[in-house]
Amino acid sequence: MIQSDFTESEFMICQCARLIEDGKIVFIGYGLPQIAAILAQRLHAPRMVQVYEFGAVGSLPETPFVRFTMGGPRNCYRALAWTNMNTIFAQAQLGMVDLGVLGATQIDQFGNLNSTMLGADYTHPEKRFPGSGGANEVMTQCWRTLIVIRHERRRFVKQVDFLTSPGYLDGTPGARERAGLPRDTGPWRVATSKALYGFDDHTRQMVLLGVLRGLSVDEVVKEMEFTALVKEKVEELEPPTPEELHILREEIDPARAIIGKTARD
Amino acid sequence: MIQSDFTESEFMICQCARLIEDGKIVFIGYGLPQIAAILAQRLHAPRMVQVYEFGAVGSLPETPFVRFTMGGPRNCYRALAWTNMNTIFAQAQLGMVDLGVLGATQIDQFGNLNSTMLGADYTHPEKRFPGSGGANEVMTQCWRTLIVIRHERRRFVKQVDFLTSPGYLDGTPGARERAGLPRDTGPWRVATSKALYGFDDHTRQMVLLGVLRGLSVDEVVKEMEFTALVKEKVEELEPPTPEELHILREEIDPARAIIGKTARD
Amino acid sequence: MDVLQAGIGEFTVEDPDDLRAFMRTEKRREMVDKVMPEAEAVRRYVKDGDYVSFDFSSFTRGPASLVREIIRQRRQNLWFAAKFTLMESTLLAEGGCLRGIDVGFLGLGSLIGKAVEEGRIKVTEWTNGTLTLRHLAGAMGVPFLPTRNLLATDTLTYSGAKVVQDPFTRRPIALVSAVNPDVGLVHVHQCDIYGNARCFGPGVSPLETAMASKRTIISTEQIITTDDIRKEPAKTTIPYYLVDAVVYAPFGCLPGGAQGVYEMDTEHFLEYMAASGDAQKMAAYLGKYVYSVASHEEFLAKRVGVEKLLDLKRQATITEGYH
Amino acid sequence: MDVLQAGIGEFTVEDPDDLRAFMRTEKRREMVDKVMPEAEAVRRYVKDGDYVSFDFSSFTRGPASLVREIIRQRRQNLWFAAKFTLMESTLLAEGGCLRGIDVGFLGLGSLIGKAVEEGRIKVTEWTNGTLTLRHLAGAMGVPFLPTRNLLATDTLTYSGAKVVQDPFTRRPIALVSAVNPDVGLVHVHQCDIYGNARCFGPGVSPLETAMASKRTIISTEQIITTDDIRKEPAKTTIPYYLVDAVVYAPFGCLPGGAQGVYEMDTEHFLEYMAASGDAQKMAAYLGKYVYSVASHEEFLAKRVGVEKLLDLKRQATITEGYH
């Protein structure tokens, strides 16, 4: 099956990269988003300005990408400015950051993220996760947020056990604004290992926009606990192109530490 | 008469310099305090750390002193750090600054300063002055404040027309603390062209501590609109010493732009 | 957290979401060449009635040439943030450009005081520190910041600050309202054509001013390559996306100095001081240094001269740390 | 300005006047030699029950050697500010040093999560940004700072933040309480013997951490002269009077890197990751890298070795801007 030509991570990264516009200021989260940003910069978004929560602005990361790196020299190479966390989050709060790119543990139908815990009782979590990190700031302040997440049923839940970072909350019109969150912000796209989602302008529910070529809508939506809306014309998502895979495998992550290995490798 | 050997400014500067302890962090205001700080550093306080509102920390100003300079290279020479206004006032608010040294236009019996306006009606000032500058911060945040002021009746008033920078307010116990001002702060000494004042620990009224050698207590206190307390044993204040005058006139201000000229010059 | 006291001074607070909307649509994300003549920068970005802010000082690294251009273009009804300024309030007021001033420090000379006494210029009382803190609030995109300054003074009474009971300690604390100037003017040592800018030496608040301002005009001693900027990212004081216009203005701080490049012109300041108490003399001063010259370049050529320029450069013997 | 919502997480706010009194009496104004061995610095300034903060990251310019010394001295009941940290929560928790954590980011591996699930470690929810903003509040000597982050989330519910109605815009806004750590740990590139310190490259909040902390211990790659400090005042990140102890700790960030000096030790992180889900393995890891060596110097000599040190230095090929 087609999947064996590339890994789930590779597809998630490519989808994510394709959604990063050139010439925008983009807040990059830890992990896959870093790889996606480098890929986008190598392909269609050379003038995209990466910003990181520790304060690097407009860096041109060196490849190969070194696992774990974030504030290190390879990732901060040739930046336009080196600032600090309070300054960069202030600029995000000012409305200077167009797009935020985040990984996530659990997401609900309104795009709320949980990266804190599983279970009904906060004081006795069934499973404890790392928490917000900088995700809450990114989802609060960036004009748009792009979430990258593996497409697994347990990750797509009707309601998150813990609302770590704000999506459209309960989905009611103006819910974010009423709470004091910045106007006209919120989750924009959800790029998964199988599909691409957006959010309905009115109901704020997650909407299936596209599925990976070779997969059916049913194969995808059955992997969610809630019923997503489905766009009239669901787009067919192109698998990673040879060029994308070449850059990922030869330039960015030859060790396959992040992108992983396919069955064929 | 003895005055002709030195100018009023020279005596004010020398008094002020003598009151600056070595090894302390001292907030230096514009004008005479700058000269006094340099003099103190040349004499008994080489390890005193000057801080300025624009952010220089621990500079070793070059002499001769250039009139008007404050943020310029001669005044910021060999600093330990160059920061900015928000950072330095934050450090003052944290309690890191031991002494503030300020010039003033008008002072009242409780050490409140007016550098804003004269007149009964704020909306129709008889005379408008520059306003607080950084004086309000210095008097609010430094542990002690040393005020340098020419000894003129119109400058020593019962109550300031406008309370620009906080002294002991109405003089009642705990008045500063009740208002939310930092605990145990306030004006400490007032160095004038004729005398030296402190403040009573209980009534917070201005207390005459010393008079310039050759002047009587009466000659001094008649030059005030309010009745200052007088310390039992009023100290005799030594005129500028030859060494002090040498440094002022030969090293710091050979042009006599700030220290002025005596009748003899 | 009740409001215990509210200052009655005139001030406005930008709606943080309206500010964000402006920043989203009006601040270019692409790196585009923003170099333009001072006349064009002021024509484009300084409008009658604007709130104008300034960094850093009249004596050191101040955008003096931009201030002269604003006067030359006869802008009106401006409100000026007089934080750590000395000449500018007087020049703008006597040039007929000002409606009001946030004080700060109301310098220098008796004319500006007279303008306030006669009610020709409105003032709101602040302090150098709280006015700068208001720029930080504006830079953070929050409507206020807390401070212990201002408390218990008439300065607070005639400011826009509010005293509240802090919900954490139950103590009184002052909240100063954010300021988001319509235009921020910052002179820098170096920048590239996109506005990535470096200020050397201590300064009041170049970054806060650029972040808080809806439009930021920078004048610069030198234009350098972006490649140089990328080799020393720690030296970047202001990133390009905060900047709307870059004006090439060598000696742009005169009569003030630019650290490590040229010293201030003390003679000029004495000439200013001599005029600062007399409307006629100040009109003559403005005629000589502002109205009778078409540009900063002409100011340098006709009112300063090569000899003085070289002398002021020669005097800049202290360069340590200014790079 | 009523409190609309108050987080129920555990936190304390220092009385700003008590903090000032501490800073007045405990922070030396004189420039005195503060260089001391890591063991002495931790013995003197880290007490059981302290709130401990850290800057900048486990991977880059982190005070790893100081964290190991705290574990080696078996401090207990510490509360840790896990802002932008990855290994430290786990190491301190498995070393039996922790009572609680301000999260931040609760890294890395399943052990630390298990400790929270089983209630062995308390947590208060924050975010990297708001935890860092709390350090800025602490650094400013104010009890809180406002932010639009946290709003409408369970993160806020389990934090110490309060939502109030902003008296200027009437909108809801979050106030995060100041944090003034008992001890701040900052690794720096260079400093003098008094503590005037330089950090190169971007960082989370070295200055805010040093200002907010009642005691600041810095470890440094290099000790330089005060004369050098005075030649480049713009490079000073932390002035001496904020610093209580200076620990000479070359390679002190290992297994993390120090920008421009040495790269991080990826192999070591993989070894950590392999142990991070298993208590026995983590105990072995702590035994190997912490308990069985008497000092950082012995850690370098017996657990890293010259060959690895030279290789990590060799890998630091990017030096642009790190000076």
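Per-chain residue numbering starts at 1, and chain names A, B, C and D are given in the order in which the chains are listed.
Just so it is clear, a contact is a pair of C-beta atoms (placed from the backbone, for glycine too) under 8 Å apart; a residue touches a chain by one contact, two chains touch by 3 or more.
Quick caveat, the model's predicted, so the values are computed rather than measured.
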For chain C, the least number of touch steps when starting out from chain B: 1
Relative to chain B, chain with the most remote C-alpha centre: A
A-D against B-D, pair bridged by the larger set of C-beta contacts: A-D
Geometric centre distance via CA averages, chain D-chain C, whole Å: 37
Between chain D and chain A, distance of the C-alpha-averaged centres to the nearest whole Å: 28
Intercentroid distance (Cα basis), chain D paired with chain B, Å: 40
Whole-Å gap between the CA centroids of chain A and chain B: 58
Sequence positions of chain B contacting 2 or more other chains: 56, 76, 78-79, 82, 93, 182
Residues of chain C whose C-beta touches two or more other chains: 16, 141-142, 147-148, 171, 173, 201-202, 231, 233-234, 320-321
Arrangement of touching chains [line / ring / star / complete / other]: other
Set of all touching chain pairs, with the criterion as stated earlier: A-C, A-D, B-C, B-D, C-D
Of all residues in chain D, those that touch chain A in their complex: 56-57, 59-61, 83-84, 103-108, 112-114, 116-117, 119, 123, 125-130, 132-133, 136, 147-155, 158, 163, 171-174, 201-206, 208, 257, 259-260, 263-264, 266, 269, 316, 318-322
Chain C contact footprint on chain D (complex, rising order): 1-3, 6, 13, 15-16, 141-148, 162, 164, 166-169, 171, 173, 175, 177-178, 200-202, 231-235, 320-321
Residues of chain A defined as touching chain D within the complex: 52-56, 62, 66-74, 76-79, 82-86, 89, 93, 116, 122-137, 140-141, 162-166, 169, 175-176, 179-182
Touching residues on chain C, where the partner in the complex is chain A: 16-17, 19-24, 27, 29-31, 139-142, 196, 207, 211, 226, 229-231, 233-234, 236, 239-242
Chain C-facing residues of chain A, complex: 23-25, 47, 49, 56-60, 76, 78-82, 87, 90-91, 93-96, 98, 143, 177, 182-184
